[in-house]
Amino acid sequence: MILRVDSLQTALPPPSDPDPAGASAVQELLGGKFGEMSTWLNYTFQSFNFRSRQGARPYYDLLCSIATEEFGHVELVSTTVNTMLTGASPIDDGRAPAASLAGVKGIGNPHHFIAGGQGALPQNSQGRPWNGDYVFSSGDLVEDLTHNFFLETGARNNKLKVYEMVEHPAARALTGYLLVRGGVHQVAYARALERLTGADLMKLFPAPRIPTDKIPECKPHIKAGEHLKLYRFSEKDFTESGAVFNGPHPETGEDLFVAEEPHPEGAPAHDLPPQPAVFAPSFAPEEIVEIANKLRDKAGLPKRPAGNVA
Amino acid sequence: MILRVDSLQTALPPPSDPDPAGASAVQELLGGKFGEMSTWLNYTFQSFNFRSRQGARPYYDLLCSIATEEFGHVELVSTTVNTMLTGASPIDDGRAPAASLAGVKGIGNPHHFIAGGQGALPQNSQGRPWNGDYVFSSGDLVEDLTHNFFLETGARNNKLKVYEMVEHPAARALTGYLLVRGGVHQVAYARALERLTGADLMKLFPAPRIPTDKIPECKPHIKAGEHLKLYRFSEKDFTESGAVFNGPHPETGEDLFVAEEPHPEGAPAHDLPPQPAVFAPSFAPEEIVEIANKLRDKAGLPKRPAGNVA
Amino acid sequence: MILRVDSLQTALPPPSDPDPAGASAVQELLGGKFGEMSTWLNYTFQSFNFRSRQGARPYYDLLCSIATEEFGHVELVSTTVNTMLTGASPIDDGRAPAASLAGVKGIGNPHHFIAGGQGALPQNSQGRPWNGDYVFSSGDLVEDLTHNFFLETGARNNKLKVYEMVEHPAARALTGYLLVRGGVHQVAYARALERLTGADLMKLFPAPRIPTDKIPECKPHIKAGEHLKLYRFSEKDFTESGAVFNGPHPETGEDLFVAEEPHPEGAPAHDLPPQPAVFAPSFAPEEIVEIANKLRDKAGLPKRPAGNVA
Amino acid sequence: MILRVDSLQTALPPPSDPDPAGASAVQELLGGKFGEMSTWLNYTFQSFNFRSRQGARPYYDLLCSIATEEFGHVELVSTTVNTMLTGASPIDDGRAPAASLAGVKGIGNPHHFIAGGQGALPQNSQGRPWNGDYVFSSGDLVEDLTHNFFLETGARNNKLKVYEMVEHPAARALTGYLLVRGGVHQVAYARALERLTGADLMKLFPAPRIPTDKIPECKPHIKAGEHLKLYRFSEKDFTESGAVFNGPHPETGEDLFVAEEPHPEGAPAHDLPPQPAVFAPSFAPEEIVEIANKLRDKAGLPKRPAGNVA
Amino acid sequence: MILRVDSLQTALPPPSDPDPAGASAVQELLGGKFGEMSTWLNYTFQSFNFRSRQGARPYYDLLCSIATEEFGHVELVSTTVNTMLTGASPIDDGRAPAASLAGVKGIGNPHHFIAGGQGALPQNSQGRPWNGDYVFSSGDLVEDLTHNFFLETGARNNKLKVYEMVEHPAARALTGYLLVRGGVHQVAYARALERLTGADLMKLFPAPRIPTDKIPECKPHIKAGEHLKLYRFSEKDFTESGAVFNGPHPETGEDLFVAEEPHPEGAPAHDLPPQPAVFAPSFAPEEIVEIANKLRDKAGLPKRPAGNVA
Amino acid sequence: MILRVDSLQTALPPPSDPDPAGASAVQELLGGKFGEMSTWLNYTFQSFNFRSRQGARPYYDLLCSIATEEFGHVELVSTTVNTMLTGASPIDDGRAPAASLAGVKGIGNPHHFIAGGQGALPQNSQGRPWNGDYVFSSGDLVEDLTHNFFLETGARNNKLKVYEMVEHPAARALTGYLLVRGGVHQVAYARALERLTGADLMKLFPAPRIPTDKIPECKPHIKAGEHLKLYRFSEKDFTESGAVFNGPHPETGEDLFVAEEPHPEGAPAHDLPPQPAVFAPSFAPEEIVEIANKLRDKAGLPKRPAGNVA
């Protein structure tokens, strides 16, 4: 089972100029074949299906920790998409009946506006839904690790491409962080294969062949050492992955290690404003707030919501 | 972000007689339109896309807590499928080259054996992959809650049908638990709508019109009060849902409440044995164990793995 | 727009021995690429998209009349599936909680029981959903007619195969009727092409190369002349198709003609009994009846329902 | 079975400035998950699969009447798409070989031009085909009605969004009408649930929370009382739905009722002109007309086609 | 089995101004329902599944020869897409980290850049993947030929539309060639049906009703007689198709014949330059070349690569 | 472009006892994610999209040669499926109208009988169609090779599983051959990566961890040295792959090499008999033969067909 923490793994900027075409491209990192839903659900299913867990405990622990981190990546991409879509319909006078969505006709993914409330979708950059065929879970440990290394390589490719295509500050902050943390996973699976078989995949790094530290938005995270450590993403469990995740980083030679703290400190999300033109959270959002306040009062909650927002 | 606990939300029985045809049916509760992947990912995406969180905090918290519980349901269904498939290929002398899968030719979902390692898949009872079109996230709070109530109703239907179709002990333990906990979610969304709009959906219970307490495998969970409480599924966050989740249970009249403990105590999973005929975790599983033991030794870990298994 | 008549186009037998595996095969005629949903929706979309209707009126009228008949074919296949599934779960003591669906585990399409209420689905014989890619509507009249002739040829093939595979009386009654009426459509499109271009497709009949009158269940319909006439399926409209649909039948030499009556007399459907194990129409169907009776009373309706059933 | 009337349920404007990007958006109302194909086919399949029809006759009749109306909605959306695409390729000199489609490269749905003849497709606003997974037909009456209420709510959302996005006169006329008539269906299913279970859903209206009478294009239909009445859409059948469809409208308090006339008077469609650049109905449309005229002469039909066009 | 020749079937122009929106449209001819993957794989599967080959040898040979030619058509469309995408990202200074793909955000198929390396994909003009439902292989020779004639008719429609939409020189060269050679296949299947059944389909030509010789880019190929001959596409086999493929061409009256040479002379492809912004073949393409040169040296190969390029 | 040779790459046994359930499982090797259509089309698209061919010629040549061999593998799997289905419907008296398919109701893939003529389909073992999302063609050489190694690993897994599940002689002959030849491709891609980057993947062999020479049906091919050589599959082209494909085989230590002969000698296919119950090639196959003979006579062909059959 899992527990949720009401924080993002890293800080993302607040809404600025909306960029629906860019948000449509960023969706590839969410619902694409190599998007974060894929990394998340591949490793999650592999962990559910892991046989002989005690016999191969360090591998099981590694898989579980990485799987759990990926949820946070899905959350980050979703938040980025939402940030980029904020303001794409007029907020003040954008309420129907009007042509408040006329400005986005023919731009980006129409489901961002028609099906959703200017929010993220489990779709790729073409508007096609993520599907379960993107999950590989053979149960054969060597194969699953081989797959996972390949998957991370494809994911790194897509992150770099989206970086090049979308200049929106949220997209750049996102890809800067994901490239560093995805890089850790790419190394982790290669090292896991090495430890299991003796094969040496380290010369495949970096793949694609552009070093991560050339990306300006990656540098602060590298400086903070985020490219070297694996978080357990558990208060108490999954303590043995260090038996596999160790040795030199293939690009920098620094030592890989498992962090003592269970997870990165993280940062609260921005409380994204209503978009009444798409009824999110309502055509009349102020009514929702009023009702919620009454319910909170009645329940004896303090006036200020307990939530964690930027 | 999330943290993972290496336990199931409830205990499931160990492998007994394999039932691949039954496992194929149970997949509907995993990757079907109304399966646990759907409830999980619907509420998760809705939570990512929630605008005006502070303004509608009790609703956001309710959604996040339920979403987080659903991960555990996906884990339970996956574990059930794995349990039911264990032993479906011969374990001792079942290694290729032989006809060790001849006994399951034409039975159940062929991907359980050919694509997977006698493990769960993100597919439904027909072998079709789960896909993102099953996610509804309009951003409109009234609509999303209406959807969620409907989704839980469809999910309850499917759980009852699988209960009737599959007599394997793991499937019965699973559906007994899910019917009780899914029932809490069905009530939660109906009550949330009631609190938001004044509409009264309580007379729609039970839907389908068979009371949960008629199912023998539900009774122990009802006796333990699991039909009345919402867990926050967070150490510290999501503390306001009690402003919405309260009042009488529509079937029993007892008071609904938010649990003080963050999550159910849970139970460790069984360490399911290797199935060498399908190379899970290897054609020669003993080699994996030997390598893992060496790595554990080298890392200074104790002889006995730290993992949490039944 | 359309009006509905509460009758089937031909009589179908009442439920007898259930045949879920056969019902799964019959689904090909409903939701398969060449099933009745395809013929129905192909011609319907072509009729919506028909440009220069007045200029090519006889063609437009022909298309509309055939499209409208196809709805009735979809209804007939659905009714057949429902008839074949009736009784597949125990009726008297089949109510959950029990193993009332254990007898159909691994047999036929699991969605007939888990997703549906022992009812027809828009799926093919493999359980895959019908989809819009099966519709061809180029707007080019010669091409659309060429397509339609091919579609009817593929449909005839599938009907013959299902006839050979499924011996259930309802399936045989269904295919016997559909082969005759589908044959009229196959001829109609070939003749329409002939009238438009001068090409002679008549020697392509029969395709596949088994004459319809060799099928025993077709004979009564042929004897009744159903292989020769086109119904307008409209009280007043679509009166010009006779300008195209005329001349000799390619197999019998008899004259083709447009019927004076708007539609076949038809026959009422059987009122298929509840299947409480799958909650159709409820776990406790007698309650539905009781409520309905009260509503009918209150509305001043006579005791005996006005409906048209066999 | 059904009969077809060669009229639209309401008048739509003739072609004006083409709007292929808008037509692409309008497709959501046709082939989207909440489009008219979905409402149509959901209710149609539910009606085919309805068990115990006599016992629950008012519900069966309600379902059949609404299902039958939905065909007309599909026809209206298709006609709107066709109207908006008319003129998007040059008509006079637009015949190949030329670059007559160069002006629409990269605009809207490419299948409108490449696959189709500037005509409607069973696809959504992203160009993805409608599919049978959008149909819910559980056979459980309470569940099916719950679904239908939700489906109509989602459909209303999408209609409002398309209204806001597309200002083309045909799109506005379309959505104005559909919002009113779809609103009747939304109420009908909520009331049907209320009558069956006692649950009160009326406070969920309007959902989304913008009253229909704020939409200028809805007002004439409201003034004509179209928001209050259910048509039977049958000459003689489906006479009992008034036992369910009655009581006050949730927004206006006026009485709901079943119309005496079987269907709205309707209006003829415009005879949309050929688009020779896409070969609709031909590269040389005048040849088709010439042939049709000869066939009509030969058949003794009057010079003026009998068809019903605006 | 097959052998490959490192040449295109006809010459295509070198890269000029990139046209990503046009490349997206051209994809319909590759991965669309009527694209070259469909013609290729339909005939290939039909040839694999051909029963009684010796008994119907001329038909088998015809099918195999056409199937084999279609591979070359897929190659031509792919090459065209690649040519049109070349230069769409900056080549000299386009390497990441930069915004080298910002210029194509929102233009064409995003997978051309994010998933691929500015290269062709098995997708249609909407970015949807080709799938096996597009293959028809009934095994019934009359039906398969009827289908193939229809398929070629739809394919000709799509080629003409793409011709009209895309003015890029590579697209025009492509469609000019494909219209002529696809026209041969369209005639071949019609004639094959004629020889098998006596039906006369010749008056269906041309379909769509625009003669091929009106297309300027077709004229050189017609002048070279490419509209009349069938190539065997085999050094030694498939020698009997002339028993079926003969008689007059339906549009010109000239004699159809089987070429003596096994295949057209063809032309080498251009060696398309690297696109480092998308890592094709690498972020640092010069390193690949350096490595390849070393490997070639070590293997004793001459300095100049043996390859066949324009 | 390609040329076709009317031979299989290896001999397959003639039809024996039909095995439709086994044929359904074998389909995974045809249309599954890791089936031969996937290997074939992945490498083929990668070859079409290869930029800087001259600069990286040995890699291009390697890719083209392997791609071309894969066509032959698709042909072999298709032939195996056809062989296994032969006889599944009665041949002598199996003609409709009869229940000649009743014996296969509910067994295997229904499309083998209803949609096809007891022939292979582009579908997997679940009856789902192959689709273009299974193709990976990033253009980045390191990534594409990484993918291809992974793909071959997954393919080897599936071949081993099908071997274990299906004992039919044709399936065993097929998998015995494919395991050996697929093994060459698996090695080739690993070695290509090694030569390009210096990474050493050889210790990953065998994956899955069962040596190929333990499979009895592989032994004759290993004895013939088929596990060591790469065929160019071209009369004259693709001559440089030996610069990459060389060095020791990872399991046996023997030298890898490029064969001098362009392709294996191969073996003719059996001329599979008609299956009149499914109209392949006709309900009355003798008529087809008679017509073909007349056409052959008229064309002056010798009495005995020129074809190449076993």
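Observations, loosely collected:
Going in written order, the chains are labelled A, B, C, D, E and F, and every chain counts its residues from 1.
By our rule, contacts are C-beta pairs under 8 Å (C-beta built on N, C-alpha and C of every residue); 3 or more make two chains touch, one makes a residue touch a chain.
Not measured: the values here are computed from a predicted model.
Touching subunit C and subunit F at once are the following chains: B, E. Checking D-E, E-F or C-E against C-F, more than half of the residue-numbered contact pairs recur only at D-E. Note: the chain lying farthest from subunit E is B, by mean C-alpha position.
C-beta contact counts were set side by side for C-E and E-F; E-F has more. With centres set at the average Cα position, the gap from subunit A to subunit F is 39 Å. Separation between the centroids of subunit A and subunit C, computed from CA atoms only, is 48 Å. A separation of 22 Å divides the Cα centre of subunit A from that of subunit B. Each of the following residues of subunit C touches two or more other chains: 33, 115, 126-128, 133, 138, 140, 142-143, 157, 208-209, 278-279, 282-283. If touching chains are joined by edges, the resulting network of the protein chains shown has some other shape, matching none of path, cycle, star or complete graph. Listing the residues of subunit A that touch subunit F in their complex gives 33, 133, 136, 138, 140, 142-143, 146-147, 149-150, 153-154, 157, 193, 197-204, 207-209. The touching residues of subunit A, when paired with subunit B in their complex, are 1-9, 31, 41, 44-45, 48-61, 64-65, 67-69, 71-72, 74-75, 78-79, 82, 115-123, 129-133, 135, 137-143, 195-196, 233-240, 242-244, 246, 262-264, 266, 271-275, 278-283, 285, 288-289, 291-292, 295-296, 298-299, 301, 305-309.
Taken together, the subunit D residues at the contact with subunit E in this complex read 89, 95-102, 104-106, 109-111, 113-115, 126-128, 277-279, 282-284, 287. Those residues of subunit F whose C-beta lies close enough to touch subunit B in the complex are 21-22, 24-25, 28, 32-33, 107-108, 125-128, 157-158, 160-167, 208-210, 214-216.
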